[in-house]
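Below you'll find a set of structures to go through.
After this come two complexes, each holding chain A, first together with chain B and then together with chain C.
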Partner chain A sequence: MIKLFERRTRIAMHRVKRKKSPFIYKSYSKKPKHRWLRKRNAQERRFKRTGFIAILIAFLFLASLVWNIFSNGYSAFTETQIQLPVTFEAELIEKDAYRTIIQNSLLELFPGIEDRKEKRDLFSLVSRNAPHILKDIIEENPEAIDRKAMVWIPASSAISIFYKQHVHEQAKRSGKISPSQVAWVTDLARTKNMRLKFNWAFFKNGDSREAEQAGVLASTMGSFMTILICVLMAFPLGVATAIYLEEFARKSWFTDFIEININNLAAVPSIIFGLLGLSIYLNIFGLPRSSSLVGGMVLALLILPVIVIATRNALQAVPPSIRYAAAALGATPTQVVFHHTLIYALPGIMTGVILSIARAFGETAPLLMIGMVAFIADVPKTFTDPATTLPVQVYLWANNPELGFVEKTAAAIMVLLTFMVLINLLAIYIRRRFEIKW
Partner chain B sequence: MVKNMNAEKKKTEDIAECGPENIRMKTQNLSVFYNNDQALHDINLDIACNKVTALIGPSGCGKSTFMRCLNRMNDYVENCRVTGKVRLDGFNIYKDNVDTILLRQKVGMVFQKPNPFPKSIYENVAYGPKIHHLIDNKDELDALVEKTLRRVGLWDEVADRLAAPGTSLSGGQQQRLCIARAIATKPEVVLMDEPCSALDPIATARIEELIAELEKKFTIVIITHSMQQAERVSHHTAFFHMGHIIEAGDTQKIFNDPEHQKTKDYIGGKFG
Partner chain C sequence: MAKFEELIKASLLACTMLSVLVTGLIVLSVFSETLRFFSHVPLADFFFGTEWSPQTAMRTDQAGSSGTFGAVPIFMGTFLVTLIAMAVAAPLGLYAAIFLSVYASAGFRAWAKPVLEILAGVPSVVYGYFAVITLAPILRAGGDMIGLSIASESALTAGTVMGIMITPYVMSLSEDVISSVPKSLSFGSLAIGATQSETIKKVILPAALPGIVSALLLGVSRGVGETMVVVMAAGLAANLTLNPLESVTTATVQIVTLLVGDHEFDSDKTLAAFALGFSLFFMTLLLNIAALIIVKRYREQYD
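Let's turn to the complex of A and B:
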């Protein structure tokens, strides 16, 4: 208290001093003579430094997050393949025994293996999907029957991880890779019968029990279908609500009540909306579980208040003088809104809508509640088909301890983040390009 | 009333004819209340046809409120109540069944701060005629836009950039664009609420020239805080003070030989 008082008097004294001799700074040196000036400069410097440190910390967090995801996930974009000498025996093809064909070619590559366990290890070098790949080859070129060919077959997930990341110790300890498998892979690699290829399967497939076959196509399509439903429902509803509240409704306790509720709704935890969707859409309306239709409708509830608030802000940013100008020309209230206010607010509205789409795109919890957490191997064809979304796919894979799924998880996050960045860039572009400055 | 105005729309192709008394608008016992505060007290004022009427008075005396009664823009002000009559060509525009849309086509308005739409210059001028369906033909609309822009002396300046946004013009050009926008609907009366207060002296001079030009075809009501401007541009002047008209009449008479002491003081710059 006394200190404060002292300071006050000192400041007051400075003031008096300044008044007495309106002093002109002789020099603009960074180290002024007067203590209060030095103090003020120090304060400025301190503030700048604190801000810089804050930004630095935030940036470090972001960088370590991105680095972590990238270093875990980049390898998922490549696929390990093994070259096998395959003999397409007509007899076996007739019997649909493609598995045997694969096994024969593996045995041909590494002859003299008798032990059952050794054999099992050998056969599990390649993906369990390998027979299907052979079948596809034969269906495409039937002339290959009874011929011999060198075919690149995807390796199994464990082998792939081992080959890509050379995690010898970890892999051996986890019992996923036997010593003889290590020897075979080393041999294959030496003879250049193993290679890394861009992993198209990751973008062409849905979910799979086999990590090397699991892809993001089904969940990405599910995401887009869900978002489509969500936007179709929330955009007209939200914008119409905002226009009504902002431009037409007379202020009354009722509109105040609605406004308060909408603002509160924006703060409701998202899982509550999932429960709401479960009890209304599924249990009362009987809409199909796990479908993108219901997912979109739930997310629409979630972003509706956000769209209403963004639209109202955008409408409020249009100066009243423009409304008066139009009204004084004889435009009806509806014409004022649809010829002017709404048009000029549209860039702001679009920015808000796109950002809320980004939010819906990354939403997981409410979708779990309505069963979109199912195992989806096929791309959903209609809006009532069972579907899942990218973030839910991330959640599903993250729960799988298999090493192959760890890299898939990180890769799926990278795909998700890419979409997020694209959406945000679109919002920034629209704001820069179309925003009207008043 | 609505029918009459529609019928008249056809007749008023370019110049609205003045009635026998040469009075375009007339207010009778016009009072305006905001909430329960009375802003205007029993205003009776005649606005002469195709002449310029200036409204002067200190800030807050009710000039803008009065002007907004003439095209019923007060309808947009919350808690604003109007009593009394305002007649346009003899019709009381405050009757219940009046179509304010048609009214505002007849009585245009120019605001204090230039407020062009952030649309193209062309659209700014063409908007009024379009929504009133005065013209449905593209060529005629082009012709009307050109004629209107020529009338406000803007054509030579903007002819090569009609597609540029109206907001990209300078302040003075914007205000002339707003005047063009207002007269494009072929109104009978043009209301101007301090149209020059946001402009520099040169732009102000141009607007004054424009008013002198327009007065031949339009009845103009202008609010101004510049005594010189009122004296230069107007034929009639009304002096408002605290919601009352203290004195109204011929501009020369008011400026040279005012009847009331308050008028004399205000014009002489003693208050305001």
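Let's turn to the complex of A and C:
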């Protein structure tokens, strides 16, 4: 590959000269006789190779990042289920003792277990959420009472990981499951009473203490609500500021001051905005902690300077002839801006705004400051409910020492990156489709 | 009509004022909390003390109940991690920028640049996860092999990942600078027989130096303020060390650990986070202004 680029650049370098005299190119490409020239050319090759290696390292890193997240995370999109022969006894259902029903059916599947510890191991094959699943079944079809049915129940996280790795033939024996559990799982797998299904729970649930039940719905909705607040606040404010500075303000020490101010704000570390949110929004205004309202308002400050700068650049790109033409036809200054300049600048503004939204979407640090690191199991209903966002959820799961959360973290990152890619693609589409080249 | 015009202009001005007000509020709020902190803790103790243990005791009559706030280990840790990050980002970013702007063919550039810019768009929490899950075990295993004991939350891990994170930023900034050097300069150098690398080293880089230095300064400012990578990959204990294999802590890590969770707002512990935040703000501000001044003052005017 290096050879190829070497040749290409050499040809490019001498393309102009080569047309007139082919000898220059020839003599250059021939191996030089002089020792000092050989040395200089070796130096040249070394330098170029170093540059190429630098790029290669960056590529390799990107590849290993993607590969790592994918290989850790793809298994979270499937759920391990165990088929159990469940008898819905009316007596137990009346007493709301669904846990006993599950335990009975497990004991029916593997009879003859007396030891307490063995029993506990057996019962922990299935998810702790299993009783709720049975309850849902009964609520949906009450005629199942007093009948026997085969029901697929999600396995617990440790069993699930063991089974998945078993399936993918890297049978790593994790210390978390006992020898008898290994035997049971092998037995269940042999009799085809275990299966992998697409993990809808991951997209339908909020956070959970049980890794197999944890999902990203609550945090994703939290992210959207936060971004909504953020855009509602930053977009009008940022665009209005940029229009004023670019189209109306006369140049003075004051506009210079504002400009320096905004440019510096764009380079302030994001965590400082979290400190601001903590001391002003929470402490002085007394807004609710952990809410998407406060989160959005903090992120709005973060992207405000970015939007101002992007909008000013977009307005600057509109040629003055447009403004003169509109003014010559009798438009007032505000009409010139709002009917003409702004319309032409809109694609550029939108691209800038969408890219800044992507930035806000991936932001974590300031949200930690205002208490959005919370255990959120339900989708927040209003903007003042405690909420969390997708990147914060990634952070929370990454800190969870339980083995089952490793794949969940990587899977949540995959969801996060998918949103980032979608947002960026939207920006690219708008730029390609609507941008006007003057 | 004229009234309507004035109304629109006035509301635009109001928006501008609001934006400015907000920026002012940031400085003011953080600054006032910092002042409150320094009314409790002497300035010299904070900037020159080498002992950092902000945990206050439960009962006031216990020994060492007030906590000590010597921030030197924290600033050292920040410095060390940023230094490692720049040791990765500066050569990688610069060489990549040189290769892309001088050597690479247009076709290679067209796809390589966007691909490398993906690295800049990845959220920092993802880098943190990568550091913890992948790089830390690799480094530890590598250290074991050559007989070095590397802490699981070493400055090396955090710094390396942070460096990779800053690389695309340094790269695109310095690429802009390098390609803005007039072509006539390098053509002149090539015409008198210099090789491409000699032209780069002796003509293009000196001409682009102010821009490159400012790009590096902006990279440093990014590293100093970066939070998630260090929160996840660097340690909590404030060790005063320059050994990259040991665990260090940074200003951002301390701010997060001091402020996450419920705290009463008036304790020294909480206010210490604001003092650290203000120092951070001040440091990045100085770096950004320095970058700006260097470009303005030392830029060669061509044409």
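The working rule: the second predicted complex is superposed on the first by the 372 of 438 C-alpha atoms of A that agree within 3 Å, B and C clash if a C-alpha of one lies under 4 Å from a C-alpha of the other, contacts with A are read in each partner's own complex, and residues count from 1 in each chain.
Rule of thumb we're sticking to: a residue touches a chain if its C-beta (ideal position, glycine included) is under 8 Å from a C-beta of that chain, and two chains touch if they have at least 3 such contacts.
Remember, predicted model here, so these are calculated numbers, not experimental data.
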Touched partner set for A:A267, first chain B, second chain C, both or neither: second
Chain B versus chain C as contact partner of A:L237, first or second or both or neither: second
Partner chain(s) touched by A:G51 [first = chain B, second = chain C, both, neither]: second
Which of chain B and chain C A:T332 touches, first, second, both or neither: both
Which partner reaches more residues of chain A (counting touched residues only), chain B or chain C: C
First, second, both or neither for A:I436, with chain B first and chain C second: first
Partner chain in contact with A:I322 - chain B first, chain C second, else both or neither: first
Which of chain B and chain C A:W200 touches, first, second, both or neither: neither
Overlap of chain C and chain B interfaces on chain A (superposed complexes): 332
Chain C residues within the chain A interface of the complex: 1, 4-5, 8-9, 11-13, 15-16, 18-20, 22-23, 25-26, 29-30, 33, 91-96, 98-100, 102-105, 108, 112, 115-116, 118-119, 121-126, 128-130, 132-134, 164, 167-168, 171, 190, 195-198, 200-201, 218, 221, 224-228, 231-232, 252, 255-256, 259-260, 262, 265, 273-274, 277, 280-281, 284-285, 288-289
Residues on chain A engaged by chain B in the complex (per definition of touch): 251, 319, 321-332, 335, 339-340, 344, 436
Sites on chain B touched by chain A in the complex: 71, 73, 76, 78, 100-105, 108-109, 111, 113, 115-118, 127-128, 131-132, 167, 178, 181-182, 185
Of all residues in chain A, those that touch chain C in their complex: 5, 8-9, 12-13, 40-41, 43-44, 46-48, 50-55, 57-59, 61-62, 64-65, 68-69, 72, 236-238, 240-241, 243-245, 248-249, 258, 261-262, 264-265, 267-276, 278-280, 283-284, 301, 304, 308, 332-334, 338, 358, 361-365, 368-369, 371, 373, 391-392, 394-395, 398-399, 406, 409-410, 413, 416-417, 420, 424
